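Dropping the structures in below, format is structure tokens.
The following pair of complexes shares a single chain, chain A, combined with chain B in the former and chain C in the latter.
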Partner chain A sequence: MADLGSITLLLSLALAVYAAIGSVVGKWKNAPELVISARYAAYLTPAMLAISTGVLVSAFVNHNFELRYVAGHSNLAMDPWLTWVAFYAGNEGSMLFLSLIFSAVSAIAIWRAPQEVGPALPYTTFVLMSITVFFVAVMMTMANPFFELPVAPADGQGINPLLTHVGMFFHPPMLMAGLIGLGIPFAFGMGHLMAGQTGDEWADTARVWALIVWATLTIGLLLGAWWAYTILGWGGYWAWDPVENAGLLPWLPLTAFVHSIMVQKRRGMFRMWNMALIILAWGFAMYGMFMNRGGPVPSVHSFGQSTMGWVFLVFLGANLLGAFALFFWRYSSLKSAAALESSLSREAAFLLNNLLFLMIALVTLWGVLYPLITDVFRGVTITVGRPYFDVVAGPLFLALVVLMGIGPLLPWRRASGQSLFRLMRLPIAVGLSTAGISVLFGATSAIPALAFGVCGMAATGIAREWAKGTQVRHNKGENYPLAFVRLVSSNRPRYGGYIAHIGIIMVAFAATGSSFYGVQDDFSLAPGERAVLGDYEMEYIGATTQIKSDRIEQRADVMLYKNGEFVKQLQPGYAFYPSFSMAATRAGIRQTPVEDLYILASEFSEDGRALFRLHINPLIVWLWLAGPVMVFGTVVSLWPERQKAAVAISTLRTPPPTA
Partner chain B sequence: MFTSIRRYSETAFALLLCGVIAALAACSTSHSHLPEDQLRAQALDKSLICPICPGETIDRSQVQLANQMQVIVREQVADGKSDAEIRQFFVDRYGERVLAAPSKEGFNLVMWIAPPVGITLALLVLFLVTRSMLRQGPAPTLRTSSADSSRDADLEGYLELVDKELGERDGPHPPAEKPDTEGTA
Partner chain C sequence: MPLAFSALLAVIAVAIIAIPFFRTPKKEDAFDPHNAEALRSQRESIYQALETLRLERELGQVDDQEYQRQLREYRRQAAIALQAQERVEGDQEELVALLEEEVLAARARLQKDDEQPKGDS
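Now for the complex of A and B:
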């Protein structure tokens, strides 16, 4: 069986190489048959990789420990449903996953490519398939999942216990898909540069793919935060650690890109800028993948193997070098079709938005790289962590939310100061009252009050747009719900974007509450004793120990009271995995819209005493709710409008876009 | 008439939103406060890195050393030492990497100063680029006459849009995204 997996890997490599070379040579030699055959090779590549994947999965299910990878990442005791997680838990499997997902999405991108990207498609195919070739080749030479051990061990080593969590079913695949998926809009950009199609032909397709990747990456990041919150047991969800930053870095220019590509789509502007942004985003995505593969920082995310890290670094360098060489080669033809008419217009707001996202990315990168600088120049090892990022990136994020409140209300081309004032009057009033109320009721410092106020302002700006539009349609004779639905579907990119903005406001709101008003305290309790934090009182009933095949679970039974009334029974505790000498916490959480009460229990002693850490984490639930909201927004702005736009654009593009 | 209806629904919306957001914000901030010393110790925990588990603050880390460091922090806070003194105590033992972020002095000032300088420069560049882009553009056409446009100019934008949509759905122009323009020409 394992041979079949190896053979299909080899076939997929051959097909990918053929597709990459065939499409370009076919284009040069003007041989359409060659281009078409290359396209079919591109379609077959993911099919071959899917067979390899099937072989690996069946090896897991059948406990075929002859395969080193299966022996290293599963054992007989493992739940079969964890096979999915074990599949990408290690270097080899995750490389296979990346190759499969990328080649599959590439095939869809080639297959569904609309007419206007046709002339550049062979080059786009070349870029897409070259990336596939790289991943498959590196996997086969340095991390072959079908490597067979000379003697099959009786049992495998088992799966990393930190991964046995629901979040792990989705966080790694979503994040990996999001990172490598950035290669799709990148490939469209590069393909068009190679073909000399330096207009707006690529804008629509790149926007669609960028949005899909954006939603995937966003959800991946949020799921990672959720996993950290429930299993790492420190009461937080984002620590600004190097690997988290590696996930955030591509998200920032990508978010800038999904905004500024709209300007190109609508107004034919920012052509150069969009190319630069997508190159940058792909660069950061590759950096993220490099960090996962023997990057310089050891962490839960790292798959070891320092040699592979270097290969990724070289690939990153080659990509950036090639992309920017192309960019400068076509530089002169990437001029905007329209000019900026006013610094008080939506275009200008997009420009500022882009700048802010880029600034956040750069100050984050600076924080990540600075320890290397001191290491080289002073020979001193230092850490750059949360205090730096909070102080430096925090205000920039806040500025973005402010801009989010203003930008969408601005008209294209130009606005007058007066009209801006009229549009902003109500949002600003709501923002000020929100800030005022939170100060009255206990906000102790100016920054969180300001942040709450900004959230209020931005939310009002959006709500007002909806209310206004719905009212107008209602006055035209539609009932309110119908008017609202029709309003949203009348301009999906716009209103879908608003929904995603609501999600971002929720994230900002939750981040403000939880980082400024979290409270925590530690208690050492014997059974029957109580602990008090804020309005909460917790009674420790006793501990139970369960010995399972792979772990020892200790849990405390806890009764939770709020203002003297019983609210919930919780079982915080942890599981110890002897074979990994690793403990995974299971926090006890009581969630309300206002705050989480989060309990950790550890160090259970013989006499039943245990250590408890209680956190009150305000507004956390809004962070988790933001995920579905943002995905919904992306779906609204993408899905149905897509076909309509594709047709509309192709008919519109014959005359040059209106300047 | 439309004006009054619009005002009404808008204000209702705004009040509702303001109420929800402010209520949540207010509730989340109203917590009983812990003793000053304890808050200081917790803040210090978050600013010190556990030397044997890279990247994790002693507040997060669950290893023995981190717990011992927390005990030392509390002892020193009780002794009345300043935050700087306590941090220095750990720096002397474990080196600079024990700090979650470098202190704002000496060589490390570079790290703290670079971002604000960079941001200022970037804003300056943006300003210059915008100005040059504005100059390249066509000479300012008719200024938007917001003075004589009625208060419902933005409403008219919507009416126009709705008319267009209720009539021919796909006009020769891209679906006009000008609900809030006030007669662009």
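Now for the complex of A and C:
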């Protein structure tokens, strides 16, 4: 069966090569049959990779330890439901996953490409298939999942215990799909440049794919934060780890892109910006691959034994070189026909948005590269930790939230200062009130009070627009619920975006609360003893030890009280995996909309004593709730809209409505 | 068995990618700025902009003067787009009419040939 896996990998590589070359040669030679043949090859590539994937999964299910990859990432004791995780747990499997996902999504992108990108589609196909060729070729030569051992072991090594968390079913595939998915809008942009189309034909398609990738990457990042929070045992969710940053870096220009492309779609502006942003986003995604696979900085995320980092570095360099060469080749024809009419306009807000995201990306990149630079040039590694990112990136993120509050109130093209001030009065008032309330609730520092105030202002700006729009429709005869639904339905990109913005405000709200108001303390307790933190009291009842086939689990039974009343029984603990010399924690968490009480238990001694770390983490739950909100906003944004002709024609004919 | 199955997969793949060489492919759609699809897309953009302008006016984000200015500009753009569309549709109608004439003329010639007595061998 391994032979079948290897052969289908080879077939998929051959098909992808043919698709890439056939597309571009067919276009040059004006041979439509060759272009279409190449397109069919692009459709067949994921089919072959799906067969390869089926072979690998079958090998896991049947415990075929002849395959080095299966032996290294599973064992006889592994629960069958972990097969999905084991599939992409290692370098080889994750490369196969990436190749399968990318080739499948590429096939869909090519198949569903609208007519206006038709002339550029052969070039887009070339870029998509070239990326596929890279991943499949690297996999086959440097990380072949079907490599056979000379002697099959009786049992496998088992799966990394950190990957047995439920979050691992979703975080890695979502993150990998998001990173590799960036290749789709990138390919449409590059195809557009290669074809010499310098108008806005690619804007719609690129926007759709960019939004899908954005939602996927956002969920991937949030799931990673959730996994870190529940299993890594430090009570936090984002450590500005170099590889975490490598996942954040492409998200930043991508978020700028999904906003900026709206300006190109609407006004034909920001053409150069959008090309540069999508190139940067893809470049950062490849940088993330480099970091994860033999990159210079070790991390809990890395495929630590990989030596293919340099290959990804070369690929990254080639992509950036080629992309920017194309960009500068077509530079003069990328200039927009329209100009910025006013600094008080939605276009100006999006321009500032681009600049802020770019600045955050640069400071984050600097924080990641600085230790490497000092190591290379000074022979000493200076680590860059959270304080740097908090001080430098924090204010920039806050500025973005301010912009989120002002942007929705700005019209396209031009606003008057007077109308803007009139519209901003309520959000500013609510923002100041929110800041004041946070002071009453214990905010002793200006920064969290400001942050809460900004969140209040931004949320009010969005709510105000919704309320006003609903009221206008209600005044025309619709009841309030119908007016609200039709307001959103008739302007889906706009209001879908606002829903996603609410998700971002929730993230800012949670980050402010947990960053500035978290408390923690350590306690060494014997059974029957109690610990007090804030309003909480924890009673340690006793510990249990379970010896399983692949691990030793120790759990502490604790009773939790708040203000003297019993609230919950929890079982924090950890599991030690001897074959990996690794422990995985399981925090006991009591979650409410206001705060989490987070309990870690470790260092169980023979007399029953255990070491406990208690955290009070305010507002964390809003971080997890933000994910579905942002996805919902993206779905609303992408939902196909009805034709606008009837409404537009009535606008052309009827007198202007008054505010 | 795996080798045989792989060989079968390869044959099927080659057959599928060879299909376009054995049938007349559809002409690659060229992006002609004057073609109906591009104009439809352009029209949609203008209509969307009008819808947004109306919403912004209703929300009080745009004053009367600015509203009128933008409305005039979108009207101009809509007029240009509609004119271009009429031209394309007119061209297409003309083309269809020409083709119909050619077909009728060819049919008439065939009928005439059929009615004429066969030539002596």
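We adopt the following convention: the second predicted complex is superposed on the first by the 636 of 659 C-alpha atoms of A that agree within 3 Å, B and C clash if a C-alpha of one lies under 4 Å from a C-alpha of the other, contacts with A are read in each partner's own complex, and residues count from 1 in each chain.
The rule is short, and it goes like this: a residue touches a chain if its C-beta (ideal position, glycine included) is under 8 Å from a C-beta of that chain, and two chains touch if they have at least 3 such contacts.
No experiment lies behind these values; they were computed from the predicted model shown.
Legend: residue contacts after superposition of the two complexes on their common chain; A:Ala77 is shown touching neither chain B nor chain C.
When the two complexes are overlaid on their common chain A, residue A:Val472 makes contact with chain B and with chain C alike. After overlaying the two complexes on the shared chain, residue contacts for A:Val392 are found with chain B alone; chain C is out of touch.
Looking at the shared chain after the overlay, A:Asn491 reaches both chain B and chain C.
Of the two partner chains placed around the shared chain by superposition, chain B and chain C are both touched by A:Pro411. With both structures placed on the common chain, the touch criterion links A:Gly534 to chain B but leaves chain C unconnected. With both structures placed on the common chain, the touch criterion links A:Arg266 to chain B and to chain C. In the superposition on chain A, A:Ala337 makes contact with neither chain B nor chain C.
Contacts of A:Arg422 after superposition: both chain B and chain C are touched. Put simply, chain A uses residues 266, 409-416, 419, 422-423, 465, 468-469, 472, 490-491, 494, 644, 648, 652 to touch chain B in one complex and chain C in the other. Interface of chain A with chain C (complex): residues 1, 3-4, 7-8, 11, 15, 18, 32-38, 40-41, 44, 48, 51, 115-116, 118-119, 197, 201, 204, 265-266, 409-416, 419, 422-423, 465, 468-469, 472, 490-491, 494, 643-645, 647-649, 651-652, 656-659. The residues of chain A lying in touch with chain B in their complex are 232-234, 236, 239, 241-242, 266, 297-299, 339-343, 348, 351-352, 355, 358-359, 362-363, 366-367, 370, 374, 377-378, 380-388, 392, 396, 409-416, 418-419, 422-423, 426, 429-430, 433-434, 437-438, 440-444, 448, 452, 455-456, 459-460, 463-465, 467-473, 475-476, 486, 490-491, 494, 509, 513, 516-517, 519-521, 534-535, 583, 593-595, 602, 616, 618-619, 644, 648, 652. Taken in their complex, chain B has these residues touching chain A: 2, 5-6, 9-11, 13-14, 17-18, 21-32, 34, 38, 42, 46-47, 49, 54-57, 59-60, 62, 95-102, 107-108, 111-112, 114-115, 118-119, 122-123, 126, 129-130, 133-134, 136-138, 140, 143-144, 146-147, 151, 153-155, 158-159, 161-162, 165-166, 170, 174-175, 177-182, 184. Note for the complex: chain C touches chain A at residues 2-3, 5-6, 9-10, 13, 16-21, 25-31, 37-38, 41, 43-64, 66-68, 70-71, 74-75, 78.
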